[in-house]
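Going by the order they are written in, the chains are A, B, C and D; count residues from 1 in each one.
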């Protein structure tokens, strides 16, 4: 029996998402029969000291403060970018130029133009890319998509998507990169998930009407003063899908008490689905075909019927966790690198999300519908 | 001890809402210490036969096919209109002209202009009016409003209101008065409840951006042909409240599987409330003041703490029903007639709802924000 | 058209349950097409003053402090007993002796022997009786029973019933009639409901093994001292049903936070049902016949499919309340008096519950299974 | 900086639990700062071929069909037993004799006597042991235990624990080791979890009264015939805790529709807790100290406040999965081996569970309470 080929990973960044990616690699390798053996080759961070400490903690063999050198290293097959958002473009383009596959945390880039440039470069170079939209990796979302595609709900008429949390409710929490006018705001930070889920389930959004709201107008600048906030705390949008359905999404990072309200409701002529990430191992399904008097939303629990859940747990109801979603993301990406399947959510998909975000913002500013053609 | 004065009621219409009103009168009289003894005096309907049958079933002493005569009868104190919507204006104006108090089912009138005319006439005549927005009579909604007013949630930042049902999902269900271009549509039929609840909780809506959608373009006309549908099946709106909060409402009568999704979520700087009419004896409350690590949405069950629940049930958790909401509505109206309190939801309030509906429709047609000043 | 015959009611007691009965009479008469016109004839209470006040409030034409005279009054057709439990037997026997139908609040009597005596007297006299087990009047419980009887769940294998509230958690709340060694305790007070529901759904319980626990050993006697408590605060029992199923019930009036946890779970070879009185307009149903991968507990909401819900609300999801259950109870009883149907829950049924209670207590005392043959 | 010492693991068995343990080792090493570097040294299974295949899949360096040799290998520090239950004793005793730490899947042994022998041997040898009761590793269960210990609930009065699933509802599913009269049955298989949770939260159970029921009397023997089933399909028990609380547990593997109903409810004089493993990242808490009118069960979501959740996810509401519970189990065990903490759930704890199981079975057979002193 031949050994699996090795895929050598260079990670840039060792913060939370870097750690989450490492968890993802480790779990993916144990749970899935990946096409590669993953080697944690080099970790790059802002200083050698930081990088070495993280490399030890995360299990990378080498550490560097020079991400450019790492990206150029011919031993590296895949560059994984979990550095600050503002650096994604430069790093990704360098990695693509060096012929590496690139795995990049969301948002891919602050603007649609930059994201498109990155997607174009990746396509031209023939490398395989992945953006970290891990909620889409949930088996229950795949079940939902498959049910919709199979016509279980009939013609889709209405959609409501939400991603709401409460991590910005304190008006005294300071200005951060999340408030940067270039790419910041609740819509980009978490509304992007609501948009990704909407298109994942129903296909392309044709046009949007947005309403972006800044609730906290100034925040401490960390130097004793205040800084004006220009980005949205809450955003809402009306949606028209290409398939004719209408809907809405809402994003808020000021939804007091909400920790992970990534919800959707899909209504069709023959059925409906309800979902909340707060209980993401469940999907609720209503079928008009059920007998009269006995109809109701059924709480379907994640089970081995819903691949790849069964690779994690052999029995239903045991539940996968957030980090397992990341492992599924990694596995899908590895399959794409190996040519077994299409990119699950590559740079073009990431650019698409940026387009929708910008369209909603532009729509809000102009109080006009903005078209968002898919190609 | 003196006897209570008698209030003699003339009811127009004997359909479901007529019956619901009669249930409301009967229960209100048993449960509350009303300022009046209610006398079911005369019931008017389209024919003497129909009216007589309903009068017997409902307990009215007299029946007539002549609502005009009944309205003019000096023995009648209160005219209760549950006739088709298109007749509300004519009947109400006649009753007001005769100096009667008028209780009218929603919608008050198909247009804001007519509703305003009716409200003006009532004010000029000094009669006391009531429009049937019974969901507002829920003790848990009063609890929510009181909590918001008392600052339990801090500054309100976000609101989401929904009223969704599924009674129009069948595209073969025929054209009815609910599809009448003058006053029909999901927004007017049930979105009106979402609007009423929004203003009940947070005060006046300052402006709206609407999105009204017709899903089923034609319906059987009942004569073998098809009739074009011009009214909305689904409507959505962005909202700006005068208090600075932003929000949205959604109305749909095509939400498959939903029977009574009259929901709201209110987020403030110090807390949040969640509610669904599907479980309307509960209110969910999150307080940032709770201890760290032990915070969460609390499921508050309706109890004698929440007046007037205790008049219905002496113990918590027993639950009131939909018809009890109508009884509370009646009791509040009787108090207003007796001068004990202001009109809970008079014709001016009903006209206000029509104004918001028209603003949302106009906004949708023009793709522009429309101001909805409160006065 | 002939008028309905009149049924003249004499009520003994004007406390909460008296009021609830009056609500039930009023609502039943409005909602149902009863075989009788109900006349609130006379109200009896401990003093003329109390009785007169309650008669006015409740709408009775006459008041008396002499229940014996009222029971003997040939004008009275039905005696309704909501007086203290200790008086039920004497009052009911007197009413039966006078040939009256008797409606009695639960518990029918403190002991099985007395309850049996009462049931026997009623049967001998040919009068129609009713004991107030109103939770059984819920359309969702009838749906559950019908589904079980129709084999929707296959062979029943397991049952768990609970009735838990928290009204006795304060050890300083004083001794009351509920603590009376003769007939008091949580099992009799609310566990009786759990037992009634269990037999309503699955048929007779063949034997029991009980565990009755006193948590608060002494309570204030209301005269500055303490009084020893001998009755159960929490009771549990293992059950064997005649149909072969096994199960358990639990009763507690010390379940902190619980206001109305009247729950059951029924498991069968082909399906299962879950119910909680906390949300009593819902029944949750799991069917193994649903497609693999799409199975789950469905939340069935009360609807016109579930008679007599449709008499209260023409649309699904609107919900009936606790007092509506009492109206359904009244309607069923009236049908039985008119000979249209069997007694829904007559004195024999009430005696049966007392038998089960005594068996559980005896079993707990002896640590032995006790047989509870149905006849 | 010094390197961590290496802990070399020898795994016996490569079925589902073997895989789950390997997931646990991998995740634990990534998520926690373990005192050891874990080395997957040797995997033993029934044949060299099976062992080699699993070793490759799981990442073990060596494979063997001779577990005795592996256990004797001086390079091995820890023997991890996920072989069939019937072999646990022999393997564990051999490993202990060789001075190894032993990690053993539940049930530790079919009988209390054997389990006690194993615990005694481990204690005598001074090795550190662990039995796989992973539900106890949930941060929300630790929160519950800490709250109870801190008096948040006041004096505990009532407890109800359940572990119900439905994997044995098919009467045609054949006889397996789970039906073995020695150690089989629902009580041992999953009721053991309910017992472990009960004692984890409230401390030792002083005595039990059991009710063990066989529902399916015969099952296919896999050779065309039927085999009599002697073990319990459903078991129930009344409980007395040493702290004075009373309660019950129930175990069923025939609870149609239930996939992971590991639930508990704890009631105290000042508060209550509700939990279900179906949504195991939540704990519901009721406090009588909350303001009147605003009390209710709060849904606390797992968050970094609840260690070690924060090592898995930096933000609240993201949720850990079943396999993460195993990683927490591994981490706790490693700390115990390193002497940093006591054994989280060693062989003595495993033997305790067997004692409770046997006591319930004996009690059921004799219809008598059986004492279960803790030491």
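Side notes on the structure shown:
As a working rule, contacts are C-beta pairs under 8 Å (C-beta built on N, C-alpha and C of every residue); 3 or more make two chains touch, one makes a residue touch a chain.
Predicted model only: the values in this text are computed from it and were never measured.
Between the chain pairs B-D and A-D, more C-beta pairs are in contact across A-D.
With centres computed as the average of Cα coordinates, no chain lies farther from subunit D than B. In terms of their C-alpha centroids, the spacing between subunit A and subunit B amounts to 42 Å. A straight line joining the Cα centres of subunit A and subunit D is 35 Å long. Subunit B and subunit D have CA centres that are 54 Å apart.
With touch defined as above, residues shared between interfaces to two or more other chains in subunit D number as follows: 258, 295-297, 301, 303. The touching residues of subunit B, counted against subunit C in their complex, run 16, 22-23, 26-27, 29-31, 33, 56-59, 165, 167, 258-260, 277-280, 301, 303, 312-324. Contact residues of subunit A toward subunit B in the complex are 153, 157-158, 160, 166, 169, 171, 209, 211, 213, 215, 233-234, 236, 238, 246, 248, 250, 252, 254-258, 265, 267-272, 286, 288, 295-297, 367-369. For subunit C in complex with subunit A, the touching residues are 143, 147, 282, 284-285, 290, 292-301, 303, 305-306.
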